[in-house]
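Each of the next two complexes has chain A plus one other chain: chain B in the first, chain C in the second.
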Partner chain A sequence: MLRTVWGIRVERRLDIPRRTSAAISGLLILLSFVVASAVFEILGVNSVRTLSTIVSVFLSPSSLLQAILRGMPIGLAALGLSIAFRMNFWNIGAEGQLYMGMFAATGMVLLHAYYGAIPEQLLFITMILASFISGGLYCTLPGFLKSKLGVNEILPTLMLNYVAILFVDFLVYGPWRDPKGFSFPLSIPFPDYARMDGFFGNSSYLGLMIAIIVAALVYGLMRWTTLGFELRLVGQNVDAAKYGGVNLLKTTLIGSFLAGGLAGIGGLIIVSGLIGRLRPRASPGYGYTAIIVAFLAGLNPWLIVPAAIFFGGLLVAGEAIQATLNLPVAAVQVFQAIIFLMIIVAEFFKRYRVTFKR
Partner chain B sequence: MSLEAVVWLESVLAGAVQAGTVFLIASLGEIYAERSGVLNLGMEGMMIVGAAISFIVSNALGHGFAMMAVILIGLILGLGHAFLTVTLKLNQIVVGLALTILGLGLGGLLGNAEIRKRIILALNPGVEERNLIVQEASKLPDIHIPFLKDIPVLGSMFFQQNALVYLSLILTFVMWFILFRSSFGLALRSVGENPAMADAMGINVFRIRYIAMGICGMLGALAGSYLFIGYQPFWVEGMTAGRGFISLALVILATWNPLRAVLAAYLFGGVETLQFRLQLIGVAAQLPQFLLMLPYIVTIVTLTLLSLESVKKKIGVPASLGIPYSRE
Partner chain C sequence: MESPQTLVEMRGISKRFPGVQANDSANFTLFRGEVHALLGENGAGKTTLMNILYGLYKPDAGEIYVKGKPVQIRSPHDAISLGIGMVHQQFRLIPTHTVAENIIVGSKEIGFTLNYDAINEELSKLIKFYGWAIRPDSRIWQLSAGEKQQVELLKALYRKAEILILDEPTSVLTPQESTVLFQTLRRMASQGLGVVLISHKLDEVMGVTDRVTVMRKGKTVATKLTKETSPEELAYLMIGRQIGVIEAKKNVAPGPPLLETYDLKILDDKGLLAVKGLSIKLHSGEILGVAGVSGNGQQELVESLAGLRKVEGGKILIGGTDMTNKPPSMFIDSGVAYIPPETLRYTAAGMTVAENIILKAYKRGKFSRRFLINWKTVFNEAEKLVKTFNIVTPSLKTRAGSLSGGNIQRLVLARELALQDDIKVVIAAYPTKGLDVASTEFIQRKLAESRDKGIGVLLVSEDLEELAMLCDRIIVMYKGEIVGELVRGEFDLETIGLMMTGVKRAEARV
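Right, the complex of A and B next:
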């Protein structure tokens, strides 16, 4: 493509050096601070105080730990998405898969507490497994529809978010409501050994550990295994994959299962690390933020972890802004969206070279 | 049936139209976007911005200006989406989601008491003190159409509503006519079907997609405006509550046809209304969640059916939906 409009010339880049690519990303992320300040100032919000509140979150150890913990559900969901997006599976359903993870983790706690079905020592590991399988299966359904019947996955995954949220609503308003909870829509509180802070004193450490282990596994899977190669091949060129003998149905099912499963573990972190019980609407959109994080990190598992912590920090900052500046959490949402838009626009500059001609 | 039951049913049906109009207006816009080949996942964001703007402007300057401001903002959002997805050819899913997150954030900021007050004062310094602090706005007045309003059931459904409900019905027919009976509509559909072919025939693919997205943005914001001043004039942060996404679902259920969108919209509106009413009379205290799940499940089933080759040919799913066009 070669076009000149208003003296602006756009041509496709054949390849792009890593340095240039990183420079473009860095520049546009800096620009997002400028744009966000402009938007805040137009609306009469003190942009310096808002942005400095955000920065200060990362400077104090206690709020940094908070940021890490808040970031981990996002990070795990984003790690799942990095697999899904690599195989060109547009999973918008991480939010729902998080809820299915919360559902399964809480289910195990209730099995233990009400029926004594699971011994105390095995409870946490069972919760991890259950949330992984539950989130995974939930994502396999649109995966099946896509690979078997050719149904585009975007809307099914999106719609299933609402189904999962409503399903959890049903449980906590109905059969799973704590009998001693004064009819609030809450499950029973989790016992200590089902809570993440029971392990290293602070849930953040265990959360971070899980995320790093998962990031390593995802990296290894995509890089060194046949399955990872097949997943990437399906994403790059379905026809080539088919002729190369890749079993499309099987690969898509496994890929979508892994993607959903990791989000499911993210759900476990929400109930077991952040809240300590199940309640309705327990995720304020972590699953959608995960999409931004996956893109910000360029689908690189190692970069996803710090990117998730950054967005976890934004959430913590949102609460601080609400408390001290009397602004809605939405201020942070606007900032998130602007970063997101800038990352997207950076994609354009990485693909095309833009020059100005007199 | 007893008289009470009839009255109850009548009110549910009228409620279905009132609740469904939000979905109808938004899905009309989305149908044009998708027919031209652009998937707009930013509908939810456009809607909430529309609601927030109409909240502020109607308190400052009244309904008329609110409507104009909403349409203008919607146009800007729609064209912005088109710039990113059509001109820069960026991924439509990602751009749409970004727009939704941006919209939800802006909606929250605009609805904030301090910010709102400042904007209202800037728009109209002489505004009444009360308008600065209320969390609501005056609702659009209902217009009763003489004689027709007395028809049983239909009268309360279609002839005792506010101007935007009537407008949505007129728009449905106009937009159906343009889409299927005019040369512009043919061009728009062919761009969504096979842009390379349309381009070869001399149709400006980029311009058509810009126009479609402009229309989509205006209607998306207008849907939000109806939600606020025409249906529930009390401001709640995040009050669209997923309605933009439901509209996307509805477009599929209506198989990209404005006339079928009316039925689908009222069906979804009916589910929403019924859920409130059933809770009011204490029936199905456990069921509302499952009732609310229905639209989503129906959508997935519809999508699955649409994927069958025979059905696809009969209905005409826009073949290049979601794919940016470039002349390479």
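Right, the complex of A and C next:
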């Protein structure tokens, strides 16, 4: 459809070349820097110094590694979301699934440390599996409600976040509290072989490897497998999927399991790579940031990894800004929000062609 | 006789969309006081040409003259102020507002305050003149499709349109409503308006117009006086070749039954019994027609035969195997091809043409090994099917949603008929509805080919001539039950027509 208002003409695009799409995204991310500067200036904050602090995070090797590590839980959750969103499953519950991943990973460590149930060599691999399954099952519940009973997934996934956060609170304040921890709400510290920096010296390396492998798997799954085809078909048109002989229940359950499972592995990275033990509120909203990252990357798994590192860097920058410029962390959150708004604006420009007349 | 006044002249209009030349130096002239048909197949560029005249698209090349003056039409607003009105296929009315309110929306003459009495009076005058039954204070949602169309016409008349474009106006109307519309169009022409009727239906073009401009592949191929031409000539101009006649099968003894239903009971979406105990047998190598006014249980029947709707009672056997309430994938595996009534509903619009072609076959045969899809085979096969089924698409990676209706129908046909070797039964529901002559012929030919291969074809249609031409047997459905059955040789359109209203066969015979 086409409308003309004040000499501005908005025309629906039939097809958009990939290059144009990328150019639009790039341009609007640049624009978000400009808008953010303007906002900072209005608030009386030196925008040049703020933005240069943010940029400098990506220039020094040590803070870049930090950015990568912070980005990995976000990235894994976002990779899961890219599957969920492609099958039209609006999972807002990556945050809760992260917590369920942390819970399971920590549980394995405790089984090993308290009962000796798992041998040392197998501990880390068991933690990966457990966090994947735990996060996955947690997301399968709303998936089941959706495909079996027709319950909209948005509210269940969102509300289950609080359940998971409080459940982890209960564990670390109660049964899982470190007996030698002076009553702090913390689990016991993980042994070295259950920590990611025990592998290549720095947790970032293993984290990045995991993320890249998962990105490749997700890409391959969606592109080359019959399951990926079914997931995309369900996301496109449920009637067409049914007509094509797709088992809706099975596909939705598998898709939501994978989505939650990847977020669960993100949770493992938090406890095993970032903190080294379980504590309350261990995720400062990585699961929500993952939604932004998934959309910024246009649900493309390969782009999700760098986008996640970018947002990981913003978190690191937030701390730097707080320390050196004496600004609240909110400054970085403002920046994040502006980027998200620009992504939404970019979506509009990808869908419509806008031309100016006279 | 003085020469008629030219209202519109369009010269050398070209318009390109990505991958399609929609208009290719098209010419069009409209006189005062005529009804002028713009005839062509789906995708011939009729609507694009008229959308350009109405300012919805900007032409790449060409000139437009309105009453002799060269004009630039940049928006519908420009078009309206030049006296051009257009009635689209989809009505653009606000359901909760009144007729009068819908008509004055966006009108320039109306000042800051509204004088409803004056507006209503003027509208009533127009309504009375055209002999309609609508009232200015009725709400749109209370009106039938035909009446809504009258509101759209009224809108154009109220804005003093002298040039009126109607895009396939009869596609939403019942035959009776169409007759009323044609009377209206004649009356408008006699008032000195120029009316453009976009259509692909030859009979209405022959019946109501003064002149015909035929379009093919974006070009205007000829303009004729209606009384000096014939449907055959127009069809030839429209398609560019003669239409063939499809041979009905010679009487051969029917093969074994491939599809059987026993006392089938099916509920509709509201939970009411839509099919009340239906028993049919479809044999190998025959086309069984299901006639009936749509909404008499046909939709529910075909959906259950494709496994898409649960059956409340009774049995469905395919090739002798009980398939009652089995999932759709098992129906597909047992060799049921289903051409659904709303093809777009069963198309993944955002996925590519190639992906839509393998929508049902992706797990089968050569397209996948274990869990991997073999895209190379998919593209090779899709390439072939696009050619054999004449699907017009810029590429195999084009989004299926951007294809025209006729092309989506061909895509569905390719997907259903060409990808499975062991098809036993083809369920075709209204496969040619709304399609142009060439596409209709193509689809009917494909169904006949399936029959010749020994497949059983169940053809649900409202088009009695189509049924009479293709079918070996016809059953007539009314309110979820079979009113009667006729075999080839007894087909009589009038009898079937009567039976469609619920008259039993014995009575209809008289």
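Quick note on the criterion: the second predicted complex is superposed on the first by the 357 of 358 C-alpha atoms of A that agree within 3 Å, B and C clash if a C-alpha of one lies under 4 Å from a C-alpha of the other, contacts with A are read in each partner's own complex, and residues count from 1 in each chain.
As a convention for this text, a contact is a pair of C-beta atoms (placed from the backbone, for glycine too) under 8 Å apart; a residue touches a chain by one contact, two chains touch by 3 or more.
A quick note: this is a predicted structure, and the numbers were derived from the prediction, not measured.
A.B. asks: Of the two partners chain B and chain C, indicate the one touching more residues belonging to chain A.
C.D. replies: Tallying touched residues of chain A, the top partner is B.
A.B. asks: Please indicate which partner A:F144 is in contact with in the superposed arrangement: first for chain B, second for chain C, both, or neither.
C.D. replies: Neither partner.
A.B. asks: Kindly classify A:Y219 by the partners it touches after superposition: chain B alone (first), chain C alone (second), both, or neither?
C.D. replies: neither
A.B. asks: Let me test your reading of the model: by the given contact rule, A:D239 touches which partner, first (chain B), second (chain C), both or neither?
C.D. replies: Touch partner of A:D239: chain C, not chain B.
A.B. asks: Once chain A of both complexes is superposed, is A:L227 in touch with chain B (first), chain C (second), both, or neither?
C.D. replies: second
A.B. asks: Once the shared chain is lined up, is A:N247 touching chain B (first), chain C (second), both, or neither of them?
C.D. replies: Touch status of A:N247: second partner only.
A.B. asks: Per the contact definition, I'd like the list of chain C residues that touch chain A in the complex.
C.D. replies: 17-18, 56-57, 74-75, 77, 306, 308, 327-329, 331-333, 338, 340, 345-351, 355, 359-360, 362-363, 368, 371-373, 375, 398-399, 402
A.B. asks: Okay, in this complex, where on chain B does chain A touch?
C.D. replies: 39, 41, 84, 88-91, 93-95, 97-99, 101-102, 104-112, 114-115, 118-119, 237, 242, 245, 248-249, 252, 286, 289-290, 292-293, 296-297, 299-300, 303-304, 306-308, 322, 326-328
A.B. asks: Mind pulling up the chain A residues that touch chain B in the complex?
C.D. replies: So the residues of chain A touching chain B come out as 1, 43-45, 90, 92, 145, 149-152, 154-156, 158-160, 162-163, 166-167, 169-170, 173-174, 288, 291-292, 295, 326-338, 340-341, 344-345, 347-348.
A.B. asks: Quick check on the complex: what are the chain A residues that touch chain C?
C.D. replies: Contacts found on chain A: 2, 4, 14-15, 224-227, 229, 232-233, 236-237, 239-247, 357.
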